[in-house]
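One chain, subunit A, links the two complexes that follow: it is found with subunit B in the first and with subunit C in the second.
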Partner chain A sequence: MTSSRSAWVFAWLLLAPAIIYVLIIVAWPLVETFRLSFTDASLRKTVNYVGWRNYEKIFNETFLTVITRTFIWTFFSVLLKMVIGMCGAVMLNAAVPGRNLFRILTMPPWIVPMAIGIFMWGWMYNGQFGMISGLLQRFGIVDGPVAFLAYGGSAFWATIITDVWIGVPMVTIYFLAAMQAIPKDLYEAAWTDGASRWTRFRRITLPLMAPAIITMSMLSLIATFNSFDIIWILTQGGPSGQTTTMIIDTYQVAIGSKKYGEGAARAVVICLFLSLFCLAYFRVTRRLHTMDKA
Partner chain B sequence: MNTLFRTSLIGIALAGTTALPALADEISWIYCGDRIDPAHEKYIGEWNAANPDYPVVPELVGWAQCQDKATTLAAAGSPVGIAYVGSRTLKEFALNELIVPVPMTEEEKAAYYPNIVETVTFQDTQWGVPIAFSTKALYWNKDLFKEAGLDPETPPKTWAEEIEFAKTIKEKTGKAGYGLSAKTFDNTMHQFLHWVYTNNGKVIDAEDNIVLDSPQNLAALQAYKDITPWSVEGATAYEQNEMRAIFLDGQVGMLQAAVSTAFLLKDTDIDWGVTDLPLGPDAQGPGTLMITDSLVVFADTGVEEKATEFAKYITQPSIQEEYEAGGLAGLTPLRPSPAVDAMVEADPYWKPFVDGIEFGGPEPLFTDYKGLQNVMIEMVQSVVTGSAEPQAALTKAAEALEEYK
Partner chain C sequence: MALFRNDDTPMIDRYRWWEIIGIYAGIFVFLFFMLSPFIEGFLVSLKPLSQLFSTPYSFWPENGSFKAYFTMWESVPGFARYIFNSFLISTIATVIVLLLVVPAAYAFARFSFRGMGLVLAAFLAVSMFSGAVLLIPLFRLMRTLGMLNTYWAMIVPGAAFLIPAAIWLLRTYMMRIPKELNEAAYMDGASQFYTFRRVILPIARPGIIVVAIMTFIGAYSQQFVFALTFNSKTEYMPLPIGLFAYFGKQEVIWNELMAASFVGIAPALILIFFLQRYLVGGLTAGAVKQ
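Coming up: the complex of A and B.
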């Protein structure tokens, strides 16, 4: 009994630094944000509790539009990352000459500092000096400069494309690793039975990669939902708010307008959505783990 | 052991008897930019030599984060001594008791160009000391004027001419007649306010009434709509410095910009001119938006008095002239002086930047200037992109501004 108790104490002692760290770095700011969301905190030195007023205030038509836009932005960004990442993994897994070189070439978007990559895309989208507009004009597709960040629709897709460019390498490498773990004899048996390349992919690769696809989708969903840098650097949420997602809106209110209480309420809503995603992620991974064991 | 004991005792005795130097009360200064101006560096050194108990310690912070950093530190209860901020924030800071007043004597006020003191005045008190000043004038590309069949020596004097010339350039050369910038960026509001102040318009009056929805401002917004088709395609993708790059590339006929553009134009092959901003139908004379940055003294630092003294010291006429003459920042002079007259005579391109001051106006002071900025940008963008008519956009913006005044 004494021995098991001392083992228990020892275990807690080992865990204590990590627990204290998490409490200070994660739990306390979360609790503080939650508390702030019920106040009118701003630049004023006095802070009053205002109950649910901040939440009532944010759930107006504009914020609901922002929520919807955030989900659409996230959906397309994650979908494209998964599809392109899968295609990339298949190509990199194929026995083609120079495969290692292609693997290296996949990495730059991931290696280049994110801000630099985003500025680079900003220049490419530029109507006057940008490469894309220049090429379109040269090939006669358009008859004048096209500023991709000038219009709501094109700016929205431009930010998605940049996010996909940055996110694809990680997805590709993750999928490639999962693909390489699939036993080769399965493919050999299928090939012997006359299965086509597409059938082998559909019947062997995809089912066996399902856990990796689901896990990556969930992780990508969480990261993309909170993506700030890309939109902020490219458009600052404009034009006319057409690329304003929840995280941009929260920053504008909390840091831009210094309405810390209202900003905190928005942050809590984001936190709730992310918690739901995390919950789904844990449930899915647990189910996959159970299936693996079975 | 004895030796160790003795040494320790001597050490303790010395530590107890040695007088420690008194700690100086630093005046921390959040200095915006990527380098400290040589003039400021020199005079900070002189101040520190004369005031060893109150040394000024500047901290360089990039323009993008500068103001947010000073504000966040103050809001978090650890304010810096002084900071370089846009004067538009003074009302917000003052109402929230983050800064202390820096009243000016009548003599000090009289030394500035007209309307400058108003940019730092709220409730009849000055809340900052102007340190940087910017006005705008109209640059035109004489080569493009020639190519379009216009007289290259005759720039537009009125909005109507400006729109007409822009149209001619676009139609005759295929290049943009005007550089309209309307990105989601603070200077989109500034650019529009130049039009407001060249038509005797206002956003908010002295009694804090929103007067945005006026015939003068409607004319300005209508002019924006009229000049858009002849401007650079996709105005909402560019802020003023990005538009300036296009002008410097010879792709734009006319651009309203600061004096720093003249310095850059000297390095190009463009044949250019600069003149007063064209006037709207209700203008009383040359106008411009007058943007000032100020040194503000934060409250609750314990060094407010000395910080105020330093703010006045570093902006005194002789030092300020040296700072402005350095030319690094491309600033319009804050005070008239024989040196300014000599500068205008030597480089006539300075003249329109000084001319506009007479009927110029300040950035409107609001309690939530970001709120003001967002509303104004939304208004401009909705007209430029054609999603709203000028009158509807103006009325909507005027209503929205009530929340932020």
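Coming up: the complex of A and C.
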């Protein structure tokens, strides 16, 4: 194999188109966001630098509430995805007839156009005609119609549930693959020693899946933090801002009110959090890798 | 494969009857959660409007029919166009991603020069920033390039965020192609480009096809935020945005909209059945050690 100069040139030539594309469409806008956050950019033609004024303006109680809300929303969504995904993987891993079909049936929420799945949830949450309210009334759990998206508290959880619904298939399939990579003889040895199913899960499956669980939670954390479509389609951040997360908030200010400068400052705060998550993810996965090799 | 309980089933995989019931009950609840919006959506598409807006709620359609699937083409004007747009946008985005990713993945798989590890990490970092965060500069960029309110406004940014996963997937596949092939080609005096074009590409074709399908599905399923923000022309709208415009209106013909939604997701549902194995392989490549 050559490691000559021509190979070097060739390798970078292969990479160049992709690098240039991503530089223009992702890296440059990222830099622009930082620059714009120090300006008063709007629909007007003139753009002035205003120093830290945008940041001074946004850091008030409302914004801190939005940040806290985003973290609570993300935390519960990721937690539920992990728990439900793990339960799903365990059940789909059981050697029962039909499991191949069940695995296929898990995937639709992940594969179909996201927005369309969310429309269907919107109908289900409808108080007058939707399935959830309808069935709850039928079984006598509630007295009258419950419009889930009309009240802050229920809308908050409704958006979480829909986000979980979209995220669970991927987590389940990923956990299932990790579960199947565990050597069978470990289970057989434990079974010979009389370990119960629960003990085998607790002492073999869970510890050996720790890297997969950690990796998936971090990836899921980043994806969930970025979640936009679900809340925008179901509630647009309402009622009275009760489902406004940082992304929704940024969108309302930047695209809704056309305050590009202020919106950029809000986007920068999101980017800072995302960078932290990203760094944490790379550190953790590298540590998991070195642990594997040791 | 111990699918059925017979004498070949290993003892460890045998369940008592109450365990079997527990597993099936659990799977039922799980799948009901996963599929309930589709079940509800499908039933709604069968119900006549009068039943939809009547109380008390009834789960099963009475006098259900597939009428909505025929009338929707007229009630949702441009519906066929929306589906066409969705496919067009996804297809072009997939082609762009492949043109960029196939060479890049080969470079990452075969060469290891200083700095390439960093570039790979940078690509992965890209996938962690959603387009929604970068909307403001992207909007200005699209305006400068004159792409606002054209197909390109939805294709160009969308493709960028599909690149990282595609690179990762194809790189894993290409790393499995034996290095000896490159060495043999080199001995025969083939140039780097000739080797890539004539030796590697034909062997990598199955991997490239899987990446193409995954990218297409991604592009098809994530058409929302760019289309919502960068395009206001009805004739260019992809299906989700076209339908979204209707969902906000006062008098929504829900059964027809649900029927329309089903026609829109049908391609994805059909793909799942044929490609389940690749999807699983694609997702877990590189992430889970085999």
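Rule of thumb we're sticking to: the second predicted complex is superposed on the first by the 280 of 294 C-alpha atoms of A that agree within 3 Å, B and C clash if a C-alpha of one lies under 4 Å from a C-alpha of the other, contacts with A are read in each partner's own complex, and residues count from 1 in each chain.
Everything that follows uses one rule, which is that contacts are C-beta pairs under 8 Å (C-beta built on N, C-alpha and C of every residue); 3 or more make two chains touch, one makes a residue touch a chain.
The model shown is predicted, which means the values in this text are computed figures rather than measured ones.
Q: Should A:Phe148 be classified as contacting the first partner (subunit B), the second (subunit C), both, or neither?
A: In the superposition, A:Phe148 touches subunit B alone.
Q: Once the shared chain is lined up, is A:Ile255 touching subunit B (first), subunit C (second), both, or neither of them?
A: A:Ile255 sits against subunit B and subunit C alike.
Q: Considering only touches as defined above, state whether A:Gln128 meets subunit B (first), subunit C (second), both or neither.
A: both
Q: Which partner does A:Thr235 reach: the first (subunit B), the second (subunit C), both, or neither?
A: first
Q: In the superposed model, does subunit B or subunit C contact more residues of subunit A?
A: More residues of subunit A are touched by C.
Q: In the superposed arrangement, which partner chain does A:Ile116 touch: subunit B (first), subunit C (second), both, or neither?
A: second
Q: Under the stated touch criterion, which partner chain does A:Ala94 make contact with: subunit B (first), subunit C (second), both, or neither?
A: In the superposition, A:Ala94 contacts subunit C only.
Q: Determine where on subunit A the residues touched by subunit B overlap those touched by subunit C, and list them.
A: After superposing on chain A, subunit A residues 128-129, 145, 255, 260 contact both subunit B and subunit C.
Q: Along subunit A, where are the residues that touch subunit B in the complex?
A: Result: residues 42-45, 125-129, 144-152, 155, 235-241, 252, 255-260 of subunit A touch subunit B.
Q: Going by the contact rule at the top, pick out the subunit C residues touching subunit A in the complex.
A: 2-5, 9, 11-13, 15, 20, 23-24, 26-27, 30-31, 33-38, 40-41, 44, 52-53, 55-59, 86, 99-101, 103-104, 106-108, 110-111, 113, 116, 119, 121-123, 125-126, 128-130, 132-141, 156-157, 159-161, 163, 167, 179, 182-183, 186, 192-193, 196, 217, 220-225, 228-229, 239-241, 243-244, 247, 254, 257-258, 261, 264-265, 268-269, 271-273, 276, 279-280, 283-284, 287-290
Q: Sort out for me which residues of subunit B touch subunit A in the complex.
A: For subunit B paired with subunit A, touching residues are 68, 71-72, 74-75, 92-93, 96-98, 182-185, 232-238, 242, 245-246, 249, 251, 368, 370-371, 374, 377-378, 381-382, 385, 387.
Q: Help me check something: in the complex, which residues belonging to subunit A touch subunit C?
A: Interface residues on the subunit A side: 1-2, 6-8, 10-15, 17-19, 21-22, 24-26, 28-30, 32-33, 36, 41, 84, 87-88, 91-92, 94-97, 99-100, 102-109, 111-117, 119-124, 128-131, 133-135, 137-138, 145, 165, 168-170, 173-174, 177-178, 181, 187-188, 191, 212, 215, 222, 226, 228-229, 232-233, 247, 250-251, 254-255, 260, 263-264, 267, 270-271, 274, 277-278, 281-282, 292.
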